[in-house]
Amino acid sequence: MKRIGVLTSGGDSPGMNAAIRAVVRKGIYHDLEVYGIYNGYAGLISGNIKKLELGSVGDIIHRGGTMLHSARCLEFKTPEGQQKGIEQLKKFGIEGLVVIGGDGSFQGAKKLSEQGYPTIGVPGTIDNDIPGTDFTIGFDTALNTIIDAIDKIRDTATSHERTYIIEVMGRDAGDLALWAGLADGAETILIPEEDHKMDQVVQKLQRGHERGKKHSIIIVAEGCGSGVDVAKEIERLTDFETRVTVLGHIQRGGSPTAFDRVLASRLGAQAVELLLEGKAGRTVGIENNKLVDYDITEVLSRKHSIDRQMYKLSQELSI
Amino acid sequence: MKRIGVLTSGGDSPGMNAAIRAVVRKGIYHDLEVYGIYNGYAGLISGNIKKLELGSVGDIIHRGGTMLHSARCLEFKTPEGQQKGIEQLKKFGIEGLVVIGGDGSFQGAKKLSEQGYPTIGVPGTIDNDIPGTDFTIGFDTALNTIIDAIDKIRDTATSHERTYIIEVMGRDAGDLALWAGLADGAETILIPEEDHKMDQVVQKLQRGHERGKKHSIIIVAEGCGSGVDVAKEIERLTDFETRVTVLGHIQRGGSPTAFDRVLASRLGAQAVELLLEGKAGRTVGIENNKLVDYDITEVLSRKHSIDRQMYKLSQELSI
Amino acid sequence: MKRIGVLTSGGDSPGMNAAIRAVVRKGIYHDLEVYGIYNGYAGLISGNIKKLELGSVGDIIHRGGTMLHSARCLEFKTPEGQQKGIEQLKKFGIEGLVVIGGDGSFQGAKKLSEQGYPTIGVPGTIDNDIPGTDFTIGFDTALNTIIDAIDKIRDTATSHERTYIIEVMGRDAGDLALWAGLADGAETILIPEEDHKMDQVVQKLQRGHERGKKHSIIIVAEGCGSGVDVAKEIERLTDFETRVTVLGHIQRGGSPTAFDRVLASRLGAQAVELLLEGKAGRTVGIENNKLVDYDITEVLSRKHSIDRQMYKLSQELSI
Amino acid sequence: MKRIGVLTSGGDSPGMNAAIRAVVRKGIYHDLEVYGIYNGYAGLISGNIKKLELGSVGDIIHRGGTMLHSARCLEFKTPEGQQKGIEQLKKFGIEGLVVIGGDGSFQGAKKLSEQGYPTIGVPGTIDNDIPGTDFTIGFDTALNTIIDAIDKIRDTATSHERTYIIEVMGRDAGDLALWAGLADGAETILIPEEDHKMDQVVQKLQRGHERGKKHSIIIVAEGCGSGVDVAKEIERLTDFETRVTVLGHIQRGGSPTAFDRVLASRLGAQAVELLLEGKAGRTVGIENNKLVDYDITEVLSRKHSIDRQMYKLSQELSI
């Protein structure tokens, strides 16, 4: 193998730049040429491709976002789109590809692999919802952004009987909400993996209130409905005052944490390692703090689940 | 004067603790006894009052919120409520009072002064909407919280034609929105002091789009309507995708910035200075980086206004 | 078991408060009474012991330091000191003890266990140098403090041919230096687990210089000698200008990261779980992201080692 | 005037990028062409000059350092060097120049002005030691970096009788030390503008110790000698344990605060305004929160002084 490519796709996550840097530097360390594909699969189709040098990835390890930009691309879901992409790769003489992204990005990587093109998936998403790895790139940073916001809310207005509701990202996965809730001692955590009865939520608020608690914090994963709706329901069932914060896209940004930079560096380098070993159609991950890799088709067929022991702990500690 | 009191009232703001600390330490430096009144005017009425020592204000200068707690109190708006408060102060032998808070808190301080009770107002609110001072305690911290959030949003999704809308606090005052917009190079800033035409907002977005801008940031002070409404209007008039972030109560929290701690220390100490000089019914402030004080009735009759030169600059730099 | 105690000992680390909180709340959840022992083993000997309630650990999960304070205590290294401690525990009716701290603290816990007193060790130190756990409480926070400092240094003075030398903590363990170096793309990482030849360090600087690098970053674990000495040696061997930063005790402070808070919560709760199961003389830890526990004597006999794969990666990526 | 230039010189400071951005955008707003001169006066002499567009200054307002790089340049101190610079400016058709930097940079600007070349100085340095402005660009950010470090130190080791000594920047100016000390409630502040007797410093430590203080913080401006020397002296005179932190170059970095970004934007734009008005040989500044400008020769002849009222306050509050 002489020449490899790298792209980022889907929603961006902090640490993607560190992963790109690792792909480039690990590649060059092994005398490969590394090409950057800009704007995800859209750029792959259109041939928005440039050679990257050591200097191209200087001073990016600590930056949020992705220097290769990202985009969603409907055309690449079609066989024609995929064919165009492979043609571009051949045109540039790129023999293997590293795709950094989430679920949807891996679907594209799978297609390329099925058509005989060596592709490795690197899990980059703040949602932590990809099987085959304990942590995805960006999760730790998003988590710290969330707890920083909740810490600020804690500071304020301890004088009122108020219920603060924080809506965090996570359409299908409650990891951000669960970890943030545990890290911040939230009274209640609403995640899509669990059924929640609002009357139980309210009962807990009332118990806390009777015990003299000045304020309560409820974390809602967006997959459980909007924070505003939860607030309305609480105000309907009680006379507690509520305040809603929707963190939104700030969760995707920020300089990556040390953990995410190290994870991204390890996974990016490992993807190159696999290409060098002639592997294809794999995803890399970290399990038990060790590097692992799996068949991408198998990973996409598995379903992410939350850590039930941690969920139980969050309930025991928030009595 | 032998004994003074201090209370915080209304919405809390970062730096209130530093102001309390300054009142206590400056008082003790001048051999006064200093009493803390808890829960604002409600605690004044109920006599929730305790003596504070040097050690009581140890390790609080860097903490958000207020160690004396705060509350809104309807009863204190009545002459009977005020009378109860004065009786408590007399019962405890407190001869002068420092009130840290915003507009509403100053109304209470004015009433006490009118009834012959020496009271000094210290401007503490994130909104920066109090006349008689260039800056209020908490404004600088809230501002940095906002720009930190916007910086994170900048990191993300440069690949889509997206308009990010950030709703910040400021019911009647656009200072937070204006400064944040200038500090973050926002394309558009919507403040209550100005009339805004949505078609002009949209034209500017379109001009930027044509020039190749990938994303735009619009900052909306809550006094101009909700961020969600602005987003709906933009999506109605254009085909731009929008994303809304409502920062909410995180703007009130956080460890105060150096500027707010220094400002709070200076204003808190100056309030004690005025009491020692036998002054009453005054507010302290900083103008032109120098300590000033004004008659509280006059301050309450004036209207806060934004810096028009800065607003003009924000428009020139966001072409 | 009806009543347990908890103490922190040795150098403090961010997350200790979250661990204390978990011990208290998990204990109360299981109807135990939980007593806090202040000032480490010194307070155990002198009987500086108070009952902790749910409210005692309110609003501390996000605070650096330890609410129980910590101290080094020579007396507890003697059998007499240990006997005094056990007598105090019996006097208070405390049947099991959780000790949060590092190496030295575990020695004390081992002694108590050997004398028949049920004690569980929870690894709390920023150095990450305790066997029986992949991560110690405080490591992740210290790491992020370090990379935040290095990021700031990156910003500055790219115009000069300068070598920035950052001295970080780690007397016997290079984990902080290694992870920080990997996370920040440092050119060279000097750790006590490796032999370093200054002429090789200098050669690498010169190679980078020839390739056009404007600045280089060298991270030195304090166990490898002082940053100032490294700087002198480089200035002796080359004509590069150097700048030294000694981060010192800021590495021990700061609000704990999400990772440290979650880790501390899990480990603190697990220590209580073990006491409830009748175990004694154990340490808790996290390995492969799962809770584990080991015999404390065995843990103290093992030697911490760095991850050689990561060290190799740091060299490959810093070409 | 059709074409102007901008350069940064000397030690960099956070906010310089925001100032560059303001020069470019304000210039373009008034239909000027704006050229960036790279590497300070060295680049001016060698003709390292490029045209800047709106897009050239996109996404830099929040970045530390300076995109134009900076350098110290001995040659520009000679009339020959200055002549070469003016020739380059003429060659590029640049009719006016904005110089962003400190004291030394202003000397160069003064020379250019004396030789008939219209130059405006914008004060950018973390030291806040330039007359003609209440604040320099970068001061507020450096200050917040310092207090963030001291806050972390506060967290730690409250159990020992320790004296923490923090060495901060400021060779001739004590502003950083004074403001940081006031903002963090430091026990003692050593600044070059004051004579300090170590026996008085020690007496204060001992008074605090007797009153039960667990730890003390001393801030030393580098102009007063090294933190290490202060520590040695304290250990010689007392039996207190000391810990030294030398913050070093982290004080120059970091994303600029809101205050610095706004200040930089206002001053950068004002410099362009002055050039448009045909002024030359001026410095811009902010006094009393209003824009001002002064003759550069006069500014360089004045001496910066600290705010004595604030110094007195710092002593009253640290009893």
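Should a chain be cited, it is by its letter among A, B, C and D, assigned in written order, with residues numbered from 1 in that chain.
Simple rule for what comes next: contacts are C-beta pairs under 8 Å (C-beta built on N, C-alpha and C of every residue); 3 or more make two chains touch, one makes a residue touch a chain.
Since we're looking at a predicted model, the values are computed, not measured.
Engineer: Would you kindly state whether over half or under half of the residue numbers at the chain A/chain C interface are used by both copies, giving same or different?
Structural biologist: Same, since over half the interface numbering is common to both chains.
Engineer: What's the distance between the Cα centroids of chain A and chain B, rounded to whole Å?
Structural biologist: Here chain A and chain B have centroids separated by 36 Å.
Engineer: Can you give the whole-Å distance between the Cα centres of chain B and chain D?
Structural biologist: Those two chain centres are 28 Å apart.
Engineer: Averaging only over C-alpha atoms, locate the centres of chain B and chain C and give their separation in whole Å.
Structural biologist: Between these chains, centre-to-centre, one finds 39 Å.
Engineer: Got the chain A residues that touch at least 2 other chains?
Structural biologist: 151, 154
Engineer: Who touches whom among the chains?
Structural biologist: Per the contact definition above, the touching pairs are A-B, A-C, B-D, C-D.
Engineer: Can you tell me which positions in chain C touch chain D when the two form their complex?
Structural biologist: Residues 11-12, 14, 39-40, 63-65, 69-71, 145, 149, 151-160, 164, 243-254 of chain C touch chain D in their complex.
Engineer: Which part of chain A faces chain C closely enough to touch in the complex?
Structural biologist: It is residues 21-22, 25-26, 28-29, 54-55, 59, 61-62, 134, 140, 143-144, 146-147, 151, 154, 179-180, 182-185, 211-212, 255, 257-259, 261-262, 265-266, 269, 287-291, 309-310, 313, 316-319 of chain A that touch chain C.
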